[in-house]
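Just below is one structure, and these are the notes that go with it.
The letters A, B, C, D, E and F name the chains in turn, as written, and every chain counts its residues from 1.
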Amino acid sequence: MPVIFFEGPKLPLEKKAEMIKGFTEVANGVLPRIPKEAFVVILKENHIDNVGVGGELLSVMKKRHREEAG
Amino acid sequence: MPVIFFEGPKLPLEKKAEMIKGFTEVANGVLPRIPKEAFVVILKENHIDNVGVGGELLSVMKKRHREEAG
Amino acid sequence: MPVIFFEGPKLPLEKKAEMIKGFTEVANGVLPRIPKEAFVVILKENHIDNVGVGGELLSVMKKRHREEAG
Amino acid sequence: MPVIFFEGPKLPLEKKAEMIKGFTEVANGVLPRIPKEAFVVILKENHIDNVGVGGELLSVMKKRHREEAG
Amino acid sequence: MPVIFFEGPKLPLEKKAEMIKGFTEVANGVLPRIPKEAFVVILKENHIDNVGVGGELLSVMKKRHREEAG
Amino acid sequence: MPVIFFEGPKLPLEKKAEMIKGFTEVANGVLPRIPKEAFVVILKENHIDNVGVGGELLSVMKKRHREEAG
């Protein structure tokens, strides 16, 4: 019944599996009386054009950082 | 003004229409003083690689079930 | 595994039960191959000071409507 | 640390940047003691087949309006 | 129909009004063809015991900062 | 910048700290290039009258289970 949402970047399949396994173990460790099968994880992959940090597009920020690192 | 989110699998268009109509009728039936036009439904279709149940990827679980069913 | 969120007003207990039963029946009707026990509904009750419509607080809008209605 | 989610239509890149900049300025204006870099905005672009208003698919409603407008 | 969620700290009423007005003006400025009345804002006030940054409770982090500022 | 939401039951403070620490370590382990301080966790505690499983209120289900257990 508990549901965990992860809002983050796009992930390859093996990292998705790792994230889901890890979150479920953490949550089930904290709440051991809820059966493991009841934990649901939903991964939300956001494109860097759809995320802003400090008012700036993440895609623009990353480009800027790359250029500064030159 | 009330907003209903559905986190589930990918759906064909006619099932989307059915889901939206049904949710709105239920919610408006419970809250008849709110005009029907004020109810918003947003369907969130999640890929089975982005959902985990019991710590396992839904895509892996489905594959396993198919193999067990042989 | 599907999860339905309802963002709306505060509700008495019998209306919560009605909403949860109705949403589950609709969703399970559209997706009959998913067992009924797998559907989760989470009701989010929002105070009218925390909701805005058209840029105005819902609590202010309701007060205004009551005054206009005399 | 505050997070703003926008559930709306698909947007071109320059409108995404404008939305993210504007939301962050508003939120940081209201909460000036939280540093600007701590504000996160996530834009959720929903297809008009996944949104319902008044129990009707937004895509169907738009089509109907266009036909009525002739 | 667009919905804006703000996940942040508890706010006094006048700051809620300011936040809702500001978000709506920004979103309606970016999407002028959607009528202003269609924009919904929902403020989610989170207790500092329910938010973590960098793996640490916000309430613990704030206490630590106060002590360090001592 | 990644944000993790946990929708679950009410938790005592030490379990909140444990949940937040654990989720952040898992997510940062999967995404080691994102600095730890950028991970945000928001715990959403839901009353058992606001959650439904299989169309039934969680509070009703728990009461029934207790009665069946005698």
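One rule holds for everything that comes next: contacts are C-beta pairs under 8 Å (C-beta built on N, C-alpha and C of every residue); 3 or more make two chains touch, one makes a residue touch a chain.
In this text, all values refer to a predicted model and were calculated from it rather than measured experimentally.
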{"item": "For subunit B and subunit D, chains touching each", "value": "A, E"}
{"item": "From subunit F, the most remote chain by mean C-alpha position", "value": "D"}
{"item": "Which of A-F and A-C has more C-beta pairs touching across its chains", "value": "A-F"}
{"item": "Distance between the centres, which are taken as Cα means, of subunit E and subunit C, whole angstrom", "value": "21"}
{"item": "For subunit D paired with subunit F, centre-to-centre distance based on mean C-alpha positions, whole Å", "value": "27"}
{"item": "Overlap residues in subunit B, where contacts from two or more other chains coincide", "value": "1, 3, 7, 23, 25, 40, 42, 51, 53"}
{"item": "Interchain contacts, given as pairs of chains that touch", "value": "A-B, A-C, A-D, A-F, B-C, B-D, B-E, C-E, C-F, D-E, D-F, E-F"}
{"item": "Of subunit A, residues touching subunit C in the complex", "value": "1, 3, 40, 42"}
{"item": "Subunit E - residues contacting subunit D, complex", "value": "1-9, 11, 15, 18-19, 22-23, 25-27, 29-31, 51, 53, 58"}
{"item": "List of subunit D residues in touch with subunit B within their complex", "value": "7, 46, 49-57, 60"}
{"item": "Subunit F residues touching subunit E - in the complex, by the definition given at the top", "value": "13, 16-17, 20-21, 23-25, 28, 36-45"}
